[in-house]
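In what comes next, chain A is part of two complexes: it sits with chain B in the first one and with chain C in the second one.
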Partner chain A sequence: MSLRLLAILAGIAALYTLPLCGFSEYVMTVAVVACVFAVLSCGLNLVYGYGGLLSLAQVAFWGIGAYTAGLMAMDLKWNPWATLPFAGLLAATVGVFVAYASLRLSRHSFAIVSLVFALLMQLVARDWVGLTRGALGLPGLPQLAIGGYVFDSAARFFWPMLSFTLVSLALLYRLMHSRIGRTLLAIRQNEPLAQSHGVDALAHRLLVIGVSAGLSGIAGGMFVFQLTIVDPSIMDFYYTESMLIMVIVGGPGSFWGVLGASAVFTVLPEALRLTPELRMVLYGVVLVAAMLTVPAGFGGILAKRRENRWRTQLA
Partner chain B sequence: MSAVLRVEHLNKAFLGVKAVDEVSLAVASGEIAGLIGPNGSGKSTTIDCISAFQRADSGRWFVADRELTGLRPHAIARAGLTRTFQAVRCYDNLSLLENLLCATEATRPVTWRDAYFGTGKLKAHEARARERGEELLSLVGLTRYRDAPAQILSYGQRKLLALAGALMTEPKIILLDEPVAGVNPTMIKLVEQAIRRINELGIALLIVEHNVEFIMALCSRVIVLDAGKLLAEGPPRIIREDERVLEAYMGGAPVEIDA
Partner chain C sequence: MNTTYLLQLVINGLVIGAFYALLAMGLSLIFGVLEIVNFAHGEFYMLGAMAAFFLLSHVQLGYWPMVAAVTVMGAGVGWLFHRLLLGGMAGRNFERSLLLTLGLGMVLQNGALYLFTATPKLARTEYGMQAVVIADMRVTLMRLFALAWAALAFVLLYLVLYRTRIGQAMRAVAENREAALVVGIRPERVARLAVVIGIALCALSGAALAPIYTVTPTMGLIFAFKAFAIVVIGGFGSIGGAAIAALALGVVEALLGGYLSLILADGVAFVAMILVLLFRPLGLFGTGVRV
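Now for the complex of A and B:
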């Protein structure tokens, strides 16, 4: 057990030295995006894999965070750091509100409402020109800095991004492996039974939506200070599809499975030098193939093996 | 007699068809009561309404004099009334012991903060719950499968696990929705035995069941519904010979069936 902890610490230390290894700006940008997707997909894993809610609105929460941070830094001239808590808070509040409204019906209606909400936010970003500047977006955003040290390259920006990612992942890991996580699994597997056991399913679901929307919002807020621009493409469906494929191939409910898949599906398309259009097609194919062959993802294969072991043992 | 469950003037209609029509009933503490009636007489709807899995149109109900009308299902479980389901339900991927630990949520053992950080208070609670869970697994005879995922259990064994889960909520009364439907005769004996043991702990039970022999053997009092209305109630001996009941079941002439 402590050996595993040691391995994780060594891995983290190695990640922190990555910017010092002289990799190109391009490679470091991929590393930053990998961090972003780790937060986004693990957040979706909490909502879908533990909460049992198919949320297609994660991209909207991330976009709300991005715009909140961008607008506060641009229009209110706030320090970029100070905008981040508000980016997270607003995304979480909106997430809980949307979830509360739609979960009054059923968790299926939540999936549909979340999709509609994501599309709606895209429209707002594009058409509420007075606030968001429409399709032109907000160019020339400031960058994150500590004292005089500006995180002005992907290599430098990697440090704060990695730090936030690790904190988020630790928070999510703790949540998933706490009593709350176990209760969430119970709700996901059998909601009426959980209710008959005194579990407040609605409160648990609002919690997971709030947490994942908040983390996605902060991630979005941070990321725009690396891009130095925020425009409606931040809410592109591409992000939703990427998150979904990472969670489904990784195995909903499996922390390490999803984390691994998020790294693979960020790096692999870059390594294969695919155009974004071809990438979408390929992702679609992988998604369908995964649903057909390993519906529970790689995490599910492990669970199946456990079940079979018990069957032979007790037979 | 002090009633642990009291239901007053319960009504539930589906598109104008009255599934439950002005039903009032009570279950005394420590009692095993049966709720029977022909298909479509409103038995399951009645307990669905009491446990809030369906919304009653009108009526009030109380557990140990605390009113539960209008509460959500989890709040009702916390107040001391839990239920099992006709199509038996388990947390399939969780081990049997974990299945039982999840059910302690009804006793509201810890705060969100304790649950997240795994504080000493949580650990102490989990240790106690684990002990209780193992006791209950041995009570229903499933100790052997303690760490196995629930999905490997047979149908009847799942019914037994559901009973143990209901007990973990520390209920005052359990509503059982067809506990032996589709269960083989040997397993029926085990379920019957488990129910008796639960009752010996001082917990009242209200059993909906089609297997009349099972009801007659277990219950001290039987309540009969027909077409949503309360038809008769009394000890099994009396109910067995009640003409209205025979008519509802057999459609008229009393039929004597020789064994």
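Now for the complex of A and C:
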């Protein structure tokens, strides 16, 4: 086990030296986006893979965080760092509220309500010109800085983004492998049985929604200070579909599977140089094909093989 | 306050509400019979509008044959949709079917974006902007005809559901799957018809509204978003509830958009849905069938 820990630590150290290797700005931008998607997809993995809630609103939480940070930095002239907790807090609060309302019916209505909410947020970003400036967005946002050191390039921005990503992933990993994670799995397998043991299913679900929405919100807030603009495209369905593909192909409930898939599906479309529309078409096809053939994803296949190996060893 | 303006808004609201209703009723029907929420529903509406645009501008078909042709094509697409994708999913894993239809929706929407670009298109019919004047109000023929199509669809759907054996079977499956199986109803046939009707209604809505609004690849998702909210407001699987909620929403949206602001019109469906979930989770007309 310590060998694995050593490998992880070595990997993290290697990641931190990435900006020093002289890669182009484009490559470092892809690396930053990979970090963002790692947080988003692992957050969705907590909600869907453990909580059993198919949330299509993650993009809305991420967008709420982005707009909150952008507006506070722009209109209230706050330091960009100081806006991030509020970005996370607002996203988490909204997430918990929407989840509370929709879970009164069932976890299925949650899926529908989350989609409607994500679409509503698209409209709010575009049409509520008084607050969000509409389609023009907020250009000219400040950049993150520590002392006099400004994170003004993708290579420099990679450090704070990576740090936040690692903290988030560690938190998600701990949560998934804690008592709460196991309780969530129990609820997912048999809700009435879990409840008869005194488990509060609703509270556990609201907790994971809140955590993942909060992390997505902070990620969104950080990311706009790299883009230096926030506009309605931050609410684009593209993010939802990317997250879903990463979680579905990686295998819901499989931490490393989803993490790997998020890296693959960030780099692969860039390497293939697909236009955004074709990328979405391809993702859609993958989603449909996965649902028809391997609904448990890559992680599911691995888990099945491991299970079979145990069976043959025991027999 | 100007009464003509008010009435004008109400009529516009009724037209849009009638088509929210057609979409929401199709969704509700498919959900009731197959226990599948069709997230690609709006994209079929978009395809219907696209097909209408091409038949009008490239094939030079007249308005009436065009609407009929698009509706029949919609029924055919519905048959294929059931045959190829939904058939094996009925009543099984809810998330799986949901992701399947979501993936299909993304393929259709982005495929259309790639092939036809995001430029809005205007579908012109031989009636152009002709209008009739009723008590100071100018109502375009296209809106009147659209309303007539919607009314026809309502009546036909009602007749199929309540006056035919297969309609009765459909309602039976929606009410209780196992019991319907026990009395010898074949769920495959019933499910196929439900999907065919649902998608044909989408295509009809697209064809009837294409000459009134502009046609774009992204029109489906925003339209369907209202239909989802309506299904929740009206109560899952309640077809009548969906129709009433849809008409009400159409009028309220038109009034809010006309007198106050666009964003309020956009948001009212969501706010109504959340309020219904908080205070009457089974929907205004829900029968207590839990999803």
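The criterion applied here is as follows: the second predicted complex is superposed on the first by the 305 of 315 C-alpha atoms of A that agree within 3 Å, B and C clash if a C-alpha of one lies under 4 Å from a C-alpha of the other, contacts with A are read in each partner's own complex, and residues count from 1 in each chain.
Assume contacts are C-beta pairs under 8 Å (C-beta built on N, C-alpha and C of every residue); 3 or more make two chains touch, one makes a residue touch a chain.
Bear in mind that the values here come from a model prediction, so they are computed numbers and not experimental data.
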| item | value |
| --- | --- |
| Contacts of A:Arg4 with chain B and chain C, given as first, second, both or neither | neither |
| Which of chain B and chain C A:Trp128 touches, first, second, both or neither | second |
| First (chain B), second (chain C), both or neither touched by A:Arg273 | neither |
| First, second, both or neither for A:Leu193, with chain B first and chain C second | first |
| First (chain B), second (chain C), both or neither touched by A:Ser109 | second |
| Partner chain in contact with A:Arg305 - chain B first, chain C second, else both or neither | neither |
| More chain A residues in contact [chain B versus chain C] | C |
| Which superposed partner A:Lys77 touches (first chain B, second chain C, both, neither) | neither |
| Residues of chain A contacting chain B in one complex and chain C in the other | none |
| Chain B partner contacts - residues on chain A that touch it in the complex | 174-175, 178-180, 182-183, 185-186, 189-190, 192-202, 207, 303, 306-307, 310-311, 313-314 |
| Parts of chain A lying in touch with chain C, wherever the complex brings them together | 48, 54, 56, 98, 101-102, 104-106, 108-109, 111-113, 115-117, 119-120, 123-124, 127-128, 237, 241, 244, 248, 275, 277-278, 280-281, 283-288, 290-292, 295 |
| Contacting residues of chain B [partner chain A, same complex] | 51, 53, 72-75, 77-78, 82-85, 89-94, 98, 101-108, 110, 112, 115-118, 122, 126, 144-145, 148-149, 151-152, 162, 165-166, 168-169 |
| Chain C residues within the chain A interface of the complex | 37, 39, 85, 93-100, 102-107, 109-111, 113-114, 221-222, 225, 228-229, 231-232, 236, 262-263, 266-267, 269-270, 273-274, 277-278, 281-282, 290-291 |
